[in-house]
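Each of the next two complexes has chain A plus one other chain: chain B in the first, chain C in the second.
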Partner chain A sequence: MSVEAREARQPWILLAPAISAVTLLLLVPLIFIVVYSFWLRTATGADQVGFYLDNWQEALTDRFYRDILFSTLRIAAITTVVCALMGYPAAYFIARSRGNKVILLLLLMLPFWISYIIRTMSWINILGVSGALNTLLMSVGIIGEPINMLYNETTVILGLVHFLLPFMVLNVFVSLDGIDTNLEDAANSLGATKWQSFIQVTLPLSLPGLAAGGLLCFVLGAGTYITPLVLGGPRDAMFANLVFEAIITQLNWPLGSALSLMLLVVLGALVMIYNRYLGMAQLMKGLG
Partner chain B sequence: MRWGWHLIRLWSLLVYGFMFLPVAVVVLLSFNASQFGSFPMTGFSFRWFVELWNNDAIMRAFRTSIVLGLLTAVISTTLGVLASLALVRYKVPGANAISTLLIAPILVPEVVLAVALLLFLNFLGLHKSFTLLLFGHVIFTLPFVILVVQARLVSIRRDVEEAAMSLGASPVQTFFQITLPLMLPAVLAGALFAFTISFDDITGTLFWKPGGVETVPTQIFAMLRNSISPEINALGTVMIVMTVGLPLIGAAIARQLARKSGT
Partner chain C sequence: MSTVILDKIVKRFGTFTAVHPTNLEIPEGTFLTLLGPSGCGKTTNLRMIAGLLDPTEGEIRIGGKSVNNVPIHKRNLGIVFQNYALFPHKSVADNVAFGLKYRNIPSSEIPGRVQKALDLVQLPDVGDRYPKALSGGQQQRIALARAIVIEPDVLLLDEPLSALDANLREDMRVELKRIQDQIGVTTVFVTHDQSEALAMSDQIVVMSAGRVEQVGTPEEVYNRPASEFVANFLGASNIIEGKCTGKDAETAALDVPVFGKVPVPADKAPHVSEGAAKLVLRAEKLLLMPQGADTTGMVTSEAVVETVDYQGQTVRYFIRAGDRQFQAINMIDGHPFAEGTTVTVGFRPIDCAGLPG
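And now, the complex of A and B:
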């Protein structure tokens, strides 16, 4: 074999294990559940192989699934907006601070490393009947009896915001940090107020980071089932909870396949739209 | 405009508080002497850490999580480093498409990934097991390893290797004596990332784990079903120390290595 041919083959040898892993453990399984979603669950024994539209009919027409899909998207949207409102000023503060930016950023990213389940359950310590807030309010005398603040949609959103905020801050920071501050100075020297130069120069330039952070918050938020299980009430199930119920509790795998694919299509469409207009590069900047 | 900046600073301070307060409360309550995992604080005590140590279920979960995390880190880092080398060092046709393919596991919602893998491997005859759990963790952590390693690999200069080769080193010698030592910080960072993500994962793990096997997060999740026991807070504190301490130690080691190798 010539040197060139060997040289050309080398990268493929290096890539082969990773590509086969992703193909066999992700791509083929995804195609498989498309097929599986047309099978039928039988009351006893193995699932009926064939081409049945029953699962899709149930998943797409049952009001119950549709309502939960919409409320999932609503919860994810609220979470994303709250993350943006909380995270943008914080990212701006870090990017423009005269102190040690890296330390400030690392400090805010620290909770990102702390276990998701611990961070989620930690809110029970704060908001529970004998939690920090109730104890505080009672000792000050504002309330006589502990109030039940937990297990509703608001606490689910709270938990999600706490989980996802670092993603938002990191992405906005990466974007803000890359903006040449001379641009702002130029706007100011041309007579713009600080506020004007922020609105007309800095904010538009940081929008890609905001969009990347927003996409991550939305997609990760809409795909969770742990937070609603820990911090939500019985009526706060999100779409991923339905998937979990179908697969793990009811063992209705064909229906679970259809529901998973529905979630994939809805969230995948968002990623596609994002990719179409902004490209994946921005997202990778924030992740890497 | 001065006050505008002050407002931003105050806001950021509140955001920092929001992020840290719940975590601080977990740590605080884990030292509470009271027999309930809640306020008021009745005294300072290590008893919940002792109980944790004596709790067989939790210690078993710890061992499972550590073994799973280590295996995941080894496999995922090996695959990730090889792929990153190919993507950074060679002109591969369709490199963009390959990159997208390799990070696809984090573009797909984890629940969907979990369902697809479970159903497919089950169809092939591999039922819920430690192996399935390991496959799941590897595929889920691989994109993170690739992103981290690739980012660091770009900064390693090629001419050092070329110098070694021109002085008569074989490609294999060059890899083990020049490239690998230079890459070590990136490799360790990737492995640490994979371990931490695996150690923390619950979303996929609940789908893949066989009955009776618990990792630390699923064990905590199961314990939450009853009520918050003080043990959970103690376990939380241990997890916080581990997940925060490990990357910090890792970063310190990486910096030392980087200084020694002179890059």
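And now, the complex of A and C:
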């Protein structure tokens, strides 16, 4: 075999394990889901194999699903904005600190060592009726009766921010860390104040990281079902809870499949838009 | 354009002193070079003048006014960084225009000024491009254009040529000097490259370990090194320990091993007095000759060639005379002396300098 032929084959050999894993674990199940979504669940509880549009019709026309889809996207959007506002300064601080970056990043990763569910449930001990905050407020005498702080949209967002903030910080950090600090010094020397240099130079150069962090927060936030389950009230269900409900509780795989594909398409469209935006950003050369 | 004065400047990082008490005056319009090995505090000094670092002690004055409490964005300085530091997300024209936006300049005038600056650095047509699309040398010129378009009081350059390859570096050296002459701005240039410093500067400040070793014109620091460090840092020198047997207004009579009596001009041995002294003999001034050659006016010795380092036009020899090794760098036409040859080596006393022992 010639050197060229060997070199041409090599990437495929190296990629083969990854490609087979993606095919087996992602692509094949996805095809199953697509097929399922056209089956029909009969009154007897058995699935009828065939090509029925009933599930899709229900998923797309029922106001209930649409409302929850919108509120899911709204919650994900608010969570993303809060993560960006809280995460950016933190990432900036870490990126600009001398020497101890590794320790700060390690601290940031520390929560990942505890199960996401436990982290979410910890809020019950903090905000619950007999939780830490109520106990504190009562002992100080600010309130007489415990306040009901849990099980609403705000606590769902709180839980999501708690879960997603490190992803935002990490992504912004990576892009801030790659920015030459001489650039801000240069802007300063040319007459820009610290704030003006930040707005003119650092912020635009860190946008790819902010966008990546934002996308991750949004997609993970919109796809979550544990947080609303643990920290939300009955009216705070998010879209993934509907999928969970359909598949696990009602054992209605066809409807659950159609619903999960709906969410997939919406979030997929978002990723495409992001790609498209970055594609345009590439026109502004040098961001690479 | 302004005189810059460093008045008893000290910079400490924690317990480490990067700059020991330093006094320096950089007269208006001067091209001054901070020269020294890596880590000697050149950049620290430059960053203090720029306002990117606060001096631990002392005062910096620019144009007669203390700038210790003037933030960098109000100092009106042009800085060129070693890695250019061009804004990658802005076009070349926007890079150059950046500083103009923060000055009270009518926006209609900005394109004209940008173009003038681009013309000055001889890159008139790259305004629409992005920095990534330019070569290293071109980026360097744009960085320079961006720094001078604001008509700074002082131009600060931190090893601006060191990232360029050798040929380009020599071109840019000439170019940079031309531009500085043309606009006449007070310039502080940092380098560890002695030939760069000698070629470009009006004044050279030789630094070592946070201290100023010598301040002078290139000719002064080269021919009259004030210390052994300076003698060795600016080209290769042979430092021969001996003694001074007498000094008058004309000459300092040095007596050194191997060569014997060497009457060094008194002005090249200002700090030498009777007693222990050192002779500074530059490697380029020590000539190798065939035995029996005419050596009128020279101090000579017999020597054996030990090592020959052939470099084309020049050859670097290590020779042994008596029990000592000396270094000589000679221009040649033809063949270098072969290793093992016995030769006559000699130098003219007026080419030497003396240091106190």
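Everything below uses one rule, namely that the second predicted complex is superposed on the first by the 257 of 288 C-alpha atoms of A that agree within 3 Å, B and C clash if a C-alpha of one lies under 4 Å from a C-alpha of the other, contacts with A are read in each partner's own complex, and residues count from 1 in each chain.
Criterion: a residue touches a chain if its C-beta (ideal position, glycine included) is under 8 Å from a C-beta of that chain, and two chains touch if they have at least 3 such contacts.
Computed from a prediction, not measured in an experiment: that's the story for all the values here.
Novice: Per the contact definition in the header, classify A:267: touching chain B only (first), chain C only (second), both, or neither.
Specialist: first
Novice: Scan A:43 for contacts with chain B and chain C and give back first, second, both or neither.
Specialist: A:43: touches no partner chain.
Novice: Between chain B (first) and chain C (second), which, if any, makes contact with A:118: first, second, both or neither?
Specialist: A:118 sits against chain B, while chain C stays out of touch.
Novice: Looking at A:193 after the superposition, I want to know if it touches chain B, chain C, both of them or none. Which is it: first, second, both, neither?
Specialist: both
Novice: Check whether A:142 is in contact with chain B, with chain C, with both or with neither, and answer first, second, both or neither.
Specialist: neither
Novice: For A:205, is the partner it touches chain B (first), chain C (second), both, or none of the two (neither)?
Specialist: A:205: touches chain C, not chain B.
Novice: If you tally the residues of chain A touched by each partner, is the higher count for chain B or for chain C?
Specialist: B
Novice: When the two structures are overlaid on chain A, which partner does A:182 contact: first (chain B), second (chain C), both, or neither?
Specialist: Second partner only.
Novice: Check the residue A:10 against both partner chains and state whether it touches chain B (first), chain C (second), both, or neither.
Specialist: Once the two structures are laid over each other on A, A:10 reaches chain B alone.
Novice: For chain A, give the residues common to its interface with chain B and its interface with chain C.
Specialist: 193-194, 284, 287-288
Novice: Which residues of chain A touch chain B once you look at their complex with the stated criterion?
Specialist: Within the complex, chain A contacts chain B at residues 10-12, 14-15, 17-19, 21-22, 25-30, 32-33, 36, 86-87, 89-90, 92-94, 107-108, 110-111, 113-119, 121-126, 128, 130-132, 134-135, 162, 165-166, 169, 193-195, 219, 222-226, 229-230, 240, 243-244, 247-248, 253, 256-257, 260-261, 263-264, 267-268, 271, 280, 284, 287-288.
Novice: Mind listing the chain B positions that touch chain A in their complex?
Specialist: Those residues of chain B that touch chain A are 1, 4, 8-9, 11-12, 15-16, 18-23, 25-26, 29, 36-40, 78-80, 82-83, 85-87, 89-90, 92, 98, 100-113, 115-121, 123, 135-136, 138-139, 142, 144, 146-148, 150-151, 196, 199-200, 202-203, 206-207, 216-217, 220-221, 224, 228, 232-233, 235-236, 239-240, 243-244, 247.
Novice: Enumerate the contact residues on chain A facing chain C in the complex.
Specialist: Checking each residue of chain A against chain C gives 180, 182-183, 185-194, 196, 200-201, 204-205, 284-288.
Novice: Of all residues in chain C, which touch chain A in the complex?
Specialist: 50-52, 71-79, 81, 83, 85, 87-89, 98-99, 101-103, 130-133, 146-147, 150
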